[in-house]
Amino acid sequence: MITCSIVGVTGYAGLELLKLIEQHPTIHLEKAISDSCAGMTLSELYPWLRAGAQKLEPFQVEALAGIDLLFLATPSGVSADYIRQLESFDGVVIDLSGDLRLPSNLYETWYGKPPVNEIIQAEAVYGLTEWNRDKLSTAKWISNPGCYATAVSLALLPFVHNDWIDPLHIIVSACSGITGAGKGLSEKTHHAKSNENVQLYKIHSHQHIPEIEQTLNTWSEKKTTVSMSTHLLPINRGIMATITAQPNDDVSEDEWVRRLQSAYEHEPFIRVQQGEPEIKSVVGSNYCDLWVYKEERTNRLTIVSVIDNMQKGAAGQALQNANARFGFEETLGLLSQPQYI
Amino acid sequence: MITCSIVGVTGYAGLELLKLIEQHPTIHLEKAISDSCAGMTLSELYPWLRAGAQKLEPFQVEALAGIDLLFLATPSGVSADYIRQLESFDGVVIDLSGDLRLPSNLYETWYGKPPVNEIIQAEAVYGLTEWNRDKLSTAKWISNPGCYATAVSLALLPFVHNDWIDPLHIIVSACSGITGAGKGLSEKTHHAKSNENVQLYKIHSHQHIPEIEQTLNTWSEKKTTVSMSTHLLPINRGIMATITAQPNDDVSEDEWVRRLQSAYEHEPFIRVQQGEPEIKSVVGSNYCDLWVYKEERTNRLTIVSVIDNMQKGAAGQALQNANARFGFEETLGLLSQPQYI
Amino acid sequence: MITCSIVGVTGYAGLELLKLIEQHPTIHLEKAISDSCAGMTLSELYPWLRAGAQKLEPFQVEALAGIDLLFLATPSGVSADYIRQLESFDGVVIDLSGDLRLPSNLYETWYGKPPVNEIIQAEAVYGLTEWNRDKLSTAKWISNPGCYATAVSLALLPFVHNDWIDPLHIIVSACSGITGAGKGLSEKTHHAKSNENVQLYKIHSHQHIPEIEQTLNTWSEKKTTVSMSTHLLPINRGIMATITAQPNDDVSEDEWVRRLQSAYEHEPFIRVQQGEPEIKSVVGSNYCDLWVYKEERTNRLTIVSVIDNMQKGAAGQALQNANARFGFEETLGLLSQPQYI
Amino acid sequence: MITCSIVGVTGYAGLELLKLIEQHPTIHLEKAISDSCAGMTLSELYPWLRAGAQKLEPFQVEALAGIDLLFLATPSGVSADYIRQLESFDGVVIDLSGDLRLPSNLYETWYGKPPVNEIIQAEAVYGLTEWNRDKLSTAKWISNPGCYATAVSLALLPFVHNDWIDPLHIIVSACSGITGAGKGLSEKTHHAKSNENVQLYKIHSHQHIPEIEQTLNTWSEKKTTVSMSTHLLPINRGIMATITAQPNDDVSEDEWVRRLQSAYEHEPFIRVQQGEPEIKSVVGSNYCDLWVYKEERTNRLTIVSVIDNMQKGAAGQALQNANARFGFEETLGLLSQPQYI
């Protein structure tokens, strides 16, 4: 039995982690941490949750002695503050923010905030579980991938890693549900604004763009660049990335499907689907569903990836990384079915 | 005063036309036609509409004598049936379906139905008003553009017409509200399926793809191809097309904005906007809002176009074409403001 | 031609008024007023609106000289502040907030704010147009009714005025779209919270309850009380009030329908409908649709009322009151059709 | 280990049961039955489900030998047909339709269909688990309650059973998500119609009304009648019933809360909440959340009940009944947390 603590239980990712860990057989929530709501009980914070009388505690490094695993479900910048205090912490840290994902110079450019300690950042293992599980098994710091980055990287890695597509002609059009914009109040997420609307945002400046390129370049021999547009949709959860690419090989659509299936054939959370993609196939679950189509007229490929931004795009993948780190079955506690209706 | 008749008042486009024409000062609805509901009054059909006791009539060519203008707000295939009967009709016909948009061979390939008379099809003027108003002024047959085709063509025409972009590297990711899927009952449009979902559909086979290419090629010297993916969203109205292109000229984003503004500076319905695009800016109106962004890292352009699929993408543009055809001010009856909230 | 000014153009009601008045033939917007955004132009504030370069001005009584009509589209409390400064203003004031609706003691109890001058409040005419148009024609201060109050009072007034129902057994279950909760950011209106949800709010404490009772008592000889629950729905616009009452007369459902029709037979905005009610029948219009059903098993009546909270429940009724005040046709500028799809 | 079979796996309730039973430790799905899709595998039917290659079978009584438990997740009328064939079946039958809920005369009146065998109907135990678990433990036929009936009866039973309220002045205003209208295609559930709408339906004729009255009368000494209006909402799941009643006792709101808590203090799925009710508190779970408020001005009580119509209102309660019938812990397989965001 592993003991864990979640920092930031009042946010969306923290709440999702709470719910997932409650069902996990071998990871036990020892401390729920929130600076803003310290002193409340979980059931005061979330009266609708089956959560009991556990009290929220403020973040204090000393109080974490004996904790095996610490999730930072805190926003970028806030995680960095905590990480600076955690150098002496003995356990494993999984950070769900962007604070460990990029080297200092890129981080400053795209996040506009002071970066964390370069040594910690360099030491942190990028938690795209399917591609990095070997390194994860001994990691002290795990940097949990961004939601868009997860959807796009899982779709593209087989293609760039195997040199199947032109790495300089990748166009991503992605959309996300409203939880992707966070729990903070904003004009964009006021229901009367977001409802019946599609809002394009962070044009060419989304902080997951350099993360995706870095990930693709890690597993590719050729330098890869990506153009990505991001759309905010009036749904609660889910990401769809529709990716267009120029194939290097002149093979049939069936062969592309076969190649993609083969790349992920042993992965429990990655499903290569047939039939027209929809976001609902994965919401409420930790699955990433992939499709590939070939447009005969232009010989272009369209690769589509859908995930639940709160599960595979955040808390689910964090727990999958925890499972990988501690040697548990990766699917442990993560087999909830998609909600669908 | 012009007299008109609408065939297909029970469909979405027919209803939108009914509402628009009720406010039009110089076009009068003489006959509301519906084969399926003939005999009902408009207020029985739409109790919530201020529509009076006008009776729906079945389609009969003889009964159309004296009508100046006939709108076919009927589905593809159904319009073709009526068009075959309308050769002797004296007035102007505006067809909102796809039946007059493509030459026979393309029509058969993309629509999978028997095409209309080739002579009529060849004679029909494509009603993308802003680009074809000269020909429209004397047209007998007007082929009203498709909703996606309108959004995409208005965005791209200045770029391909002026050779500003590479015509072989155009990627369109487009999404539409649920009315785009029509009023017919289908699993895709059952609320419990479409709600909280994004459904990709007609992958590489949407019938507006050849329409867009034909339109771009009409006004371009180089051959243009387009890859387009289409997504069904849980909103009632609106289309957003997010287009990626490779510019031929190395100019600044401001210069791209200036060029686009200049291309449409006298157009009352086309607005080149600044600030992040959203669908809501146009829903309920006949506007097409355009934006252009330059991604400095990749030197790519992103061009975004939003319209209300029921207005500029269907009934609104049809009425704009009617205004153009009969020499009225093009904005007549079409100045409703976007609904927004 | 009447000149008007709108105070509070940045709010939902102010925006709706802007759009309505732009189409009004005999009322001209002379000044758009907003303390928070003074200096901006309307088109900077609402880039999607066809609004031109009119500059927003701060509220200054002196600058209002020559204005015939002033709309206060400001929140409760804010309107009161302006009203205190407007005693010397020569024109007509229509206040859309609750600040002129209740006498001081009730106002303090239900709004929890300092009331306006009692003399002005007593002088203000309650702008439920259909029931008060005689007094409106000479009013200096017009108190525009609340959205729930409009829906419920229009439904119940014929019944209590004519002593058709027991005035002590009236139960109202009402629901409103999200715009009813205002433009201010709040947890309740964050999309991820309100979407896929129904939120009961202001239980037994909604400030429209005393307004409804006061209105019913104005036109009834017997003292009337009302219990009302209010639900926040994940839709942008619209109110439905489902009212249960005990009839005094044992007549058929048809007779109840006939009575209701007769009560409102000359009213252009009140439609007694048949068929199952829906909110969509009125959204986008100034209509109030009413239905009455008789439950044979219990001999109870169910009376249903639907309005667009932004039109008949706010800006539309305000304009109707302006028309009534200045002797214009009441429907002037208010005949937009319901949006429906 | 108990073996079960689900008839009607293609419907909403059948799908929900599939998902619940997949996680149940002691009930095993032996056969998935669907006449319309026999021959397909579950994963062909639901490609997004983790369902394996189990083949759908047609309904054949002989093939059910050895099955301990049969769920009929079929529509009213269809269940009746199967029930007629099941007299010789040895196992337990839980019918989720309305076919076993009412005696023949009431059934014919409210359902308008031929009733099932009167002896079976009389023998069937009404599966409102919390109130009938003693009888359930030996039942052969279990009639699973309707969704509205569950929400309303659980709220009212403590009040009528203990004679706390006037049984002749109970007014229910209830609303349901779109899944309550079933998976069949209909105009009412077309997204463009239901979205941004509230649709009142089955006025005074909803078939759950006699079911509720029958249930209340079973546990009350005084005859109880209920008026209920039902509203269809643009959300996927959830029911809220807002109930108004006249108390017999003049006690404080705190005392009403205490009484209600006391009535359900040992029930794992019934939670008496404080704070303003919302549907989201229960969607995705088997909870029924209850609230009671006292309006001091009128001395009326408002009792609010929320459930997930697919879980506590259908499949969840069916599984709870199965647990009760076979002596398992009632919460087994039913402890999923509410989805909330």
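A few points about this structure:
The first chain written gets the first letter, and so on, giving A, B, C and D; residue counts start at 1 in each chain.
Methods note: a residue touches a chain if its C-beta (ideal position, glycine included) is under 8 Å from a C-beta of that chain, and two chains touch if they have at least 3 such contacts.
A quick note: this is a predicted structure, and the numbers were derived from the prediction, not measured.
When the partners of chain B are compared with those of chain C, the chains appearing in both lists are A, D. Counting C-beta pairs in contact across C-D and across B-D shows that the higher total falls to C-D. If each chain is reduced to the centroid of its CA atoms, chain C and chain D end up 39 Å from each other. Look at where the CA atoms of chain A average out and do the same for chain D: the two points lie 37 Å apart.
Centroids of chain B and chain D (each the mean of its C-alpha atoms) stand 46 Å apart. Each of the following residues of chain D touches two or more other chains: 12, 179, 192, 195-196, 234-237, 280, 341. A complete topology is adopted by the chain contact network, contact being made between every pair of chains. The residues of chain C lying in touch with chain D in their complex are 169, 171, 173, 175, 192-193, 195-201, 203-204, 225, 227, 229, 231, 233-238, 240, 242, 244, 276-280, 283, 293, 295-298, 300, 302, 304, 341. Interface of chain C with chain B (complex): residues 12, 15-16, 19, 22, 46-50, 179, 196, 236-237, 273-275, 280-282, 284, 287, 289, 310, 335-341.
Residues 12, 178-179, 183, 185-187, 189-192, 194-196, 234-236 of chain D are the ones that touch chain B when the two sit in their complex.
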